[in-house]
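The following pair of complexes shares a single chain, chain A, combined with chain B in the former and chain C in the latter.
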Partner chain A sequence: MMRREAGWYALLLPAFLLLSVFYVTPILQVLAISFLEPSPGFSNYERIGTNLSVQRVIITTLRICSITTVLALLLGYALSYTITLASERARRWWLLCVLVPLWISVLVRAFAWVTLLRRQGLINQTLQGAGVISEPLELVWNEFGIIVGMVHYMVPYAVLPMLASMREIEPRLLAAARGMGASRGQVFARVFLPLSMPGVVAAGVLVFIFSLGFYITPAILGGGKTLMVAEWISLQILDLIRWGLGTMMATLLVVTILVTLAVFSRVVNMRRLFGGA
Partner chain B sequence: MAQSFQQDCVELLGRRLAQGEISRRAWLAGLAALGAPAGLAQAQAGRPLVMVNWGGLANDGFGRFYGAPFTAANPGLAVTQDSTGPSAGRIRSMVESGRVTWDLCDSSASSAYLLGGMNLLTKMDYGIIDRTKVIGPGFALEYGAAPYSFSSVLAYDSSKFPTAPTSWADFWDLRRFPGQRLLRRDALGTLDAAMMSLGRAPDQVYPIDTRAALRRVAEIRRNTVFWSSGSESEQFLRTGEAVMGQIWHTRATVLNRESNGRIKFIWNQGLLQAGIFVIPRGNPGGANAQRLLGAMLANAEAQVGLLGLLGNGPTNPAAAAQVPAELKANNPTDPANERQQVVLNGQWWGANYQQANQDYLDTITG
Partner chain C sequence: MEGGYSPGRFGRALGWATALYLVLPLFIILPVSMTDQRFLSLPHEGLSLRHYAALFASGEWFASIAQSFWIACASTILAVSAGTLFAIAAWRINRRATELLRALMLLPLIVPSIVYAIGLYRYFGWWDLLDRFAGVVIAHGVTGIPYVVITVSTALASFDVRLEQAARGMGASLRQVLAWVILPRIMPGIVSGAIFAFIHSWDELVIVLFIASRDVFTLPRRIWDGINENQDPIMAAVAMLLIVFTTLLLVVDLAVRRRRDG
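Take a look at the complex of A and B:
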């Protein structure tokens, strides 16, 4: 028995070696710069506590990602709930509508939002034409615009894990609760919601981690006034040539993602999150 | 990463070709303009020189018109193109890895000082490159030389203002000139304008008082959007998201033509900059890269061709006189225009860019 398992692991060895030599090692080399430059030690990491610029980009990123996650979960939950309760035929259409945005380039979507949200964009012109507002609303080139773009991108990622989890809920449990005198609201709050929570947590982790590394959407919709970590790192590496600081932030990002995954893997089934059985 | 000026020129040129404003021949001639070498010494046969551009059409055009004539004049010496985009960070990465494959990179004055100071560049050999072939000392540096020039100018939508703005002081005056502003998301050129808006005389902009300049930027931050690529800057003004901005003169020229003069720009207090090429330390082609760059500086006629096509200013002192009358208004190095501008001090920026730009980013994202 042991021998047979060892055989299976041996099959993994080439892929493991390939990844560790050509992927993990260079990444570790890059991350090591954060301890070596400008002088060996932890000076770059001390800046997390002392440097306002570093703190600001971290706080901005966490704030935008948290808001995005909450909004994507709310919208995603409503969608998943509707899809779960829909008929088989309607469900297929719903799923298609959720998945189609996934196939559209993030760049195209960001520019589409610009056309809608800018001062002379569709929304402002419509509202001004209808006499609702006299001055255009500032819908883009700020955090609001970024969050709109990111939530739009993230909703499908929120829907899929939650939908999987909701479809596993035994419909007879809901019927039983109704039969025993619970109102619709009670059935939802005391039976459906608790049973769907694993999906909600999984979706939340996925959306949050994904949001942390966002680059294009904030770059286009932020009007240059909001920096999230990905763009900040790129500026440090390519333009400012402060590699120690840039790689410190990259390390921090990787560590944050790993810690988040480690914590939540105790709560939810990560295999399901990443598409496993 | 912010888009560089060169990257933007290539894009602009490509669009004009695509819109049928220029012929393919004119396009190729323009790309050639920077670098048709003349009277080169016989070069020894060897591996090809690698010129690094910012992608797009430059890759084809530079290959055919930088590379081919050079090879014609120097049998056995080919020039290949690489469109990676030679940002300062990439040049550093390559030189420090010890395996340099680039010979000549389209860069900037501040990067030339910054990278040169880090011992990552080859010094210009002014025995090979003739430094009298440029209009000013800022165009032939210790670690780079400029075959073209460009300027960061004040552009505005004339339909929005009864009186025209004439200076950076007007740019900062939101009461007399209300409306959204547009600045580059890069301190270079921006802080210089802020200093002038505070009343610094154009010949006394440097050294920049960074704190005062940043405070000045903070004043209008909420009424400003920030661009990082040239096409973005154009789009902000075209769609009315901003009514006044500091943008590259090539983009301002396009907007002016396209809007039939509604969007105007002024040369006064514009920041004239050198389009500096650099040679990474330990470049494989050795001195041949210097010869190629020297030829690019020496060819005034070709530089005028590039001006006609894209708007890049010539840097050869003989070029201005050869510029056709209808192009003079858009030539940053035309004597009448040059007089009004301030030459950006690459040396000050080389020494202060890292800190000043970080502080600038912190200010506008604060």
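Take a look at the complex of A and C:
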């Protein structure tokens, strides 16, 4: 039996080697640099307490990610709820509305938002043409634009885990509650909502950790004025050549994400989430 | 869910609004790409295809599209071969250790690409892989493995282990079992994984921003420069082509899945 299994173990090797050599090593190197450059020790990490730019980017990132998570959960919940209660035929179309945006290039989506939101963009032109506003609204290249784009990106990720948990809810429970005299609002608040909570928590964790390291959407829709962690890291490395600070922030980012995941590992199942898509 | 229970008016309205919010910005690109103006706007007097013509006539855009395509093909092959073998072996061995390895395989989905990108920037400098076709293929291939591992594992979950054991019992070698028993049964999972790995590489920008500069200039990289620099409607034409292309791939994926389920 042992000799037979050896063959199977060999099949694990290509992926394992590729990942160790070309994925894990470069990332471990990032962790190492954060302690070694410019001088060995914790000097980079001490900046978290002293450097205003570091503190500001952390606070901005946490604020934007929290707002994004709340909005994505709210919109995603309404969408999943509608999909769950839709008929079999309609559900296929609803799912397409979630899956197509999920896989469309993030650049294309950011581009679409810029086209819509900028000063001479479609929304401002339409509103001005209709005489609703006289001056164009500042809809992009600020925090508002970032959040619009990020929520748009994150809603599908919020929908998938919530949908999975909502579909496990026994529909006859809802009908029974209705039959026993509960109002529609009561059925939702006392039966549906509590039963769907595991999905909401999973979606919340997922959206939050994905938002933390987001680069392209904030960079395009923020216009360089509102910096989030990922863009700040890139600035440190490419423009200011401050490897120590950049890798310190990268390490902080990874540790935050892994700790969050570990805490919630019982509710978030990444494999099931992506496999069920 | 058929059970005589339907959502309330508020829930339904918010659901519809969310779906429109997701889809409408993508649809707006179509009229913009057919504008008769020289800048990004809705068509004023008539529809025009000249921005598509300009796109196909432009050597720069075409070169980037071709480069992205070949990189995506090569990295998909890398991800699919490594990921499929891994998923099969992990499924067959099914020990605690392989569960741990499987979690390791999912890391590229969890760790933000900016962290990986800055790591590679320095690391590939040593390997002399910066701004090389091979470097980008390796980076995209490795980060594409998780998609394949997930879809193939899902396909394997419904596969009866005893079939494999019976084939081995009757004297088939490992190679024969793989080629004649396992692979044909999980083909839809492999195709799905390949499609996702391909889209992953085709769209990837963050890593490319760090490890490529002149010789390797992929399509996302060119779009990125375009968004930051100009208002050329050619961008809308590119965006529209990408939307159509991705949607087509997804439709293929759905068809493959339906055949597997049906």
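Rule of thumb we're sticking to: the second predicted complex is superposed on the first by the 244 of 277 C-alpha atoms of A that agree within 3 Å, B and C clash if a C-alpha of one lies under 4 Å from a C-alpha of the other, contacts with A are read in each partner's own complex, and residues count from 1 in each chain.
Convention: a contact is a pair of C-beta atoms (placed from the backbone, for glycine too) under 8 Å apart; a residue touches a chain by one contact, two chains touch by 3 or more.
Quick caveat, the model's predicted, so the values are computed rather than measured.
When the two structures are aligned on the shared chain, A:Val30 is found in touch with chain C, with no touch to chain B.
Once chain A of one complex is fitted onto chain A of the other, the partner contacts of A:Leu253 are limited to chain C, with no touch recorded for chain B.
In the superposition on chain A, A:Ile237 makes contact with both chain B and chain C. In the overlay built on the shared chain, the residue A:Glu5 is in contact with chain C alone; chain B does not reach it. Look at A:Leu127: by the touch rule set out above, it reaches neither chain B nor chain C.
With both complexes superposed, C is the one of chain B and chain C in contact with more chain A residues. Contacts of A:Ala182 after superposition: neither chain B nor chain C is touched. In the superposed model, A:Arg119 lies in contact with chain B only, and not with chain C. Once the two complexes are overlaid on chain A, the chain A residues touched by chain B in the first and by chain C in the second are 120, 234, 237-238, 243.
Residues 1-2, 87-90, 92, 114-115, 118, 180, 185-186, 221, 225-228, 239-241, 353-354, 357-358, 361-362, 364-366 of chain B are the ones touching chain A in the complex. Interface residues of chain A facing chain C in the complex, by the touch rule stated above, are 4-5, 7-12, 14-16, 18-19, 22-27, 29-30, 33, 75-76, 78-79, 81-88, 94, 97-101, 103-116, 120, 122, 125, 152, 155-156, 167, 171-172, 174-175, 178, 184-185, 187-188, 209, 212-216, 220, 230, 233-234, 237-238, 243, 246-247, 250, 253-254, 257-258, 261, 270-271, 274-276. Residue ranges on chain A touching chain B, taken from their complex, read 52-53, 56-57, 60, 118-120, 141, 219, 223-227, 234-235, 237-243. Note for the complex: chain C touches chain A at residues 1-8, 11-12, 14-19, 21-23, 25-26, 28-29, 32, 40-42, 78, 81-83, 85-86, 88-90, 92-93, 98, 101-102, 104-116, 118-123, 138-139, 141-143, 145-147, 149-151, 153-154, 168, 174, 199, 202-203, 205-206, 209-210, 220, 223-224, 227-228, 235-236, 239, 242-243, 246-247, 249-250.
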